[in-house]
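The following pair of complexes shares a single chain, subunit A, combined with subunit B in the former and subunit C in the latter.
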Partner chain A sequence: MRPSNSLIAIVLFASMARAQSARLPDGQPNMQGMYTRTGVKGLESEPPFNPIDPGEKNPLSVSNRGDGLGPYPRIFGEGGNVLRGQQARAQRPTGIVFPADKKLPWRPEEEAKRRQFLLDMNPPKDLRHIELNSRCALPGPFEGEDGNNPYTILQPPGQVVILYDYNHTSRVIDLNRREHLGKNIRLFMGDSIGHWEGNTLVVDTTNFNGRVAYSREIPYLSDALHTVERFTVVDENTIDYEVTIDDPQLFTGPWKVAGAFSKVSKGVESLEFACAEGSQTLQNIFGTPPTR
Partner chain B sequence: MNRLQESIVVAFAAAVMICLAGASVTAQNAVATLNLPRTADGKPNLNGIWQVLNTAAWDIQDHTGQLGVPPGQGVVEGNEIPYQPQALAKKRENYAKRMTADPTETNCFLPGVPRATYMPYPFEIVQTPNHIAIRYEFAHALRTIPVNGSKHADGIPSTWMGDSRGRWEGDTLVIDVTNFNDETWFDRAGNFHSDALHVVERYTMTNADHILYEATIEDPKVFTRPWKMSMPLYRRLEKTVKLLEYECVFYLQEERYKNAPFK
Partner chain C sequence: MHMKFSVAVAGAALVLVLSSQSVTGHHAFAAEFDVNKPVKINGTVTKVEFTNPHAWIYVDVKEPDGNVVNWRFELGAPNALIRLGWRVDTIKAGTEVEIAGFRAKAGGPVANGRSIKLPDGRELFSGGSAPTSDR
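This part shows the complex of A and B:
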């Protein structure tokens, strides 16, 4: 479960999972509804030791401690139980699908920097070494949830909008735009332009700010990051997902991850997930900052 | 003219005026109907990026300029806010310590409703037949609003942005908002509410680029009667306008924790 703070999430009624027509009035294939995501945070074949999250079976894993003594209150992971058992079903292998050996094409010097960065995260050397999720910042397109916190897709004319339950995050993908924002505008969520190729929404995203993580093992990507995502409507309940990560500052070539979105079968509603409003995380880690 | 003739003339004139008035109303309706952009399901199309052009974020009531505070005419109808006596004292106390005690400006906390609307940042309406989302640039605040006849959720914890339920009354989008906490202010001047706050927002498109925004405020713990704010929302017409990110919390942490660790 991802960290974050003051969780009030999910539950109850509603009826998003209903029969829907294949095409919307503006011609878009209809993929509106609430989904859970799986597979996107696929692990590398040899991920570096990560002192923050060494893996579910490692007793040192702070994010999986059942005794509540980790840095994040136990409530994280308790909010989304309605959705448990409704995890997305992928139609094909997920995680890293290119290169086939799941070894990411790191530039050697950048791989060394990453490993040092991970070691400097626990205990955190400074603010830079705190995960964005722990800071309640926008998580970027990938560090949402593979798990309990669902995604809702709305499609007003000319746009695809993805609402994350996680930390009231949202993304807009413009379908009628050709040019990205000016290069000095830098964003956590990036600037996304999409188009439909048959039943596949192809999304080109740039203008990242060099701060967003891909996963716990890849704690940052550079501002040269360029992603191409493909959301393919497989059927009324399933979206196949593939993302190509192209970050020439960190890697010698692009790599790809596959995942899936599955429609939530039991109706639920999004409720508020406040984060910064209840957070004591930074005080707990660093002590109280001097008064201004 | 005798009295009978006079009566006839007056009656005729009245009839003409009524006809003209009627024609004029019909014409206005026709013009309005023609001019409003509409969605495929026939509703006014509110999709787009909007922003206020007023100083309500600083003070929702009439106020004179100060250093860092642009002067402004208020957005409260009649200008007076009907505080109960104790609440008025609390408002004055808030005003006195406003530079450090406003949760939104001091801590970057979610601004609540209707304050999110008149923060000096744009917001984006995402409209579909059954669900409307409002994305605010400030603190990436987000409201997901069912427009499907559902009722307010029971038994959930109070929230910063409230529980919103939308419905259409003719061409007006009405959003009923409840389940607030008591931790947000209406402005930087210390106007406040309790957790009994109930807001009814009305979004009435007056032409393609303007929405009349009205918010009725009801809070029996703080006010003696309901009161109302109203203001126009302006469409952001820049050709390439996009909602960007104002990550207030992140920037604040960069400042407060730049020399961390402290222990």
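This part shows the complex of A and C:
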């Protein structure tokens, strides 16, 4: 039996009404859609010298070449312009927002280890000293390549699902579970449980595997990492984002990062990103592997 | 068909919009490529691969002794290129190109590509301006 045009119209209208409604049938505030994320990669006030990505103030920076030529034309990173909608962006401090001076509460011995680790990354001392991203590891909560790759948020009953364009991964945030998985289960993306406080989704994540980076200057966090994220629905195009990062193995106290999710331009699709398909990082650093 | 090969200190005036701001990417440049080893080649495109995490363009280059060496140059991520309007067949096999970039740390005919000049003088990957990096 072919559905009548009027039936199709009713179904379309119902789905449109649902898409535009502020609340979903299970009571969740509706924040479904595709977004870009901004602001989450805040630099420390005094980041250490990073030999794999020297900053522009460093005399060794590729940006300070006498002829003005650096690698990677900016255009390579500009897919993000296409992703962005025209809506106003959230106006609030972003990046590291606590401590206010952006000096992270490193344990001195761990800060020293981190600085030495960075120096050992170029040339890489061993495989462990090659960026996790370059080895196609799943990105964890922070390394989603925000410039080029959007996030799709879905809200099936009792869950919030975040699909990453980058590295084609996902997070499933369980809204019904109250306890985390057993301590012997360790995950790149962690184990997330959440609940709503008004228009704010609060997500508690543990069970990380110690192979998660925050940035190029903080190339790893420990398996004691515990994050509490707050996704606040500001309007139909904007989600305010704040994450408290607590890693008692590396820091003496928690620190906070803030940013925003903004709806992408119409017509943007999420594309497959199969990192392991064509990564030639190891060959470029170490040379062609021996053939069998 | 004119092909030449030269490795030069890249003092040539490229038409790109330059940036002092780091661009996010799958990996940091300096771990894989050597900024002190710029390279510029002329040759014939043999294929373009839109693979993740980076696209690659392969170019046959005739060396002074007549030998032909197939070079490969790393480009941006396919997702970024596609969102900029690029497609797999934007540069077809057989196209004569001039490519400038920086050689891989491991050596060999491998480099990070930063500009591609077509026979009609058009230069690819130029024209962008707005900053996008949040780092």
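The working rule: the second predicted complex is superposed on the first by the 237 of 292 C-alpha atoms of A that agree within 3 Å, B and C clash if a C-alpha of one lies under 4 Å from a C-alpha of the other, contacts with A are read in each partner's own complex, and residues count from 1 in each chain.
Here is the rule we go by: a contact is a pair of C-beta atoms (placed from the backbone, for glycine too) under 8 Å apart; a residue touches a chain by one contact, two chains touch by 3 or more.
Being a predicted model, the structure only gives us computed values, none of them experimental.
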Requested in this report: Would you sort A:I285 into first (subunit B), second (subunit C), both or neither based on which partner it touches?
Outcome: both
Query raised in the report: Touch check for A:C136: first (subunit B), second (subunit C), both, or neither?
Result: both
Requested in this report: Could you tell me if A:R216 is touching subunit B, subunit C, both of them or neither one (first, second, both, neither)?
Outcome: second
Report task. Go through the superposed model and pick first if A:L271 touches only subunit B, second if only subunit C, both, or neither. Result -> both
**Report entry** Partner chain in contact with A:V161 - subunit B first, subunit C second, else both or neither
**Finding:** first
Report task. Considering only touches as defined above, state whether A:P51 meets subunit B (first), subunit C (second), both or neither. Result -> second
Query - First (subunit B), second (subunit C), both or neither touched by A:D126 - result: first
Query raised in the report: Which partner does A:D191 contact after superposing on A: first (subunit B), second (subunit C), both, neither?
Result: first
Report task. Would you sort A:V40 into first (subunit B), second (subunit C), both or neither based on which partner it touches? Result -> second
Query raised in the report: Residues on subunit A in contact with subunit B in one complex and with subunit C in the other?
Result: 124, 136, 271-272, 274-275, 277, 285-288
Report task. Under the touch definition given earlier, write down the residues of subunit C that touch subunit A in their complex. Result -> 9-11, 14, 16-33, 35, 38, 49, 51-54, 56, 74-84, 101-102, 104-108, 110, 112, 114-115, 125-135
Query - Contacting residues of subunit A [partner subunit C, same complex] - result: 38-41, 43, 50-56, 62-63, 65, 67-83, 94, 121-124, 130-131, 133-134, 136, 145-149, 165, 215-216, 259, 268, 271-275, 277-281, 283-288
Query - List of subunit A residues in touch with subunit B within their complex - result: 8, 11-16, 24-26, 32, 124, 126-127, 132, 135-138, 152, 154-157, 159, 161, 163, 167-170, 172, 174, 177, 179, 181, 185, 187-189, 191, 269-272, 274-277, 282, 285-290, 292
Report task. Would you tell me which residues of subunit B are touching subunit A in their complex? Result -> 39-40, 45, 47, 107-110, 124, 126-128, 130-131, 133, 135, 139-142, 144, 146, 148, 150, 153, 156-157, 159-161, 163, 183, 240, 242-245, 247, 249-250, 253-254, 256-263
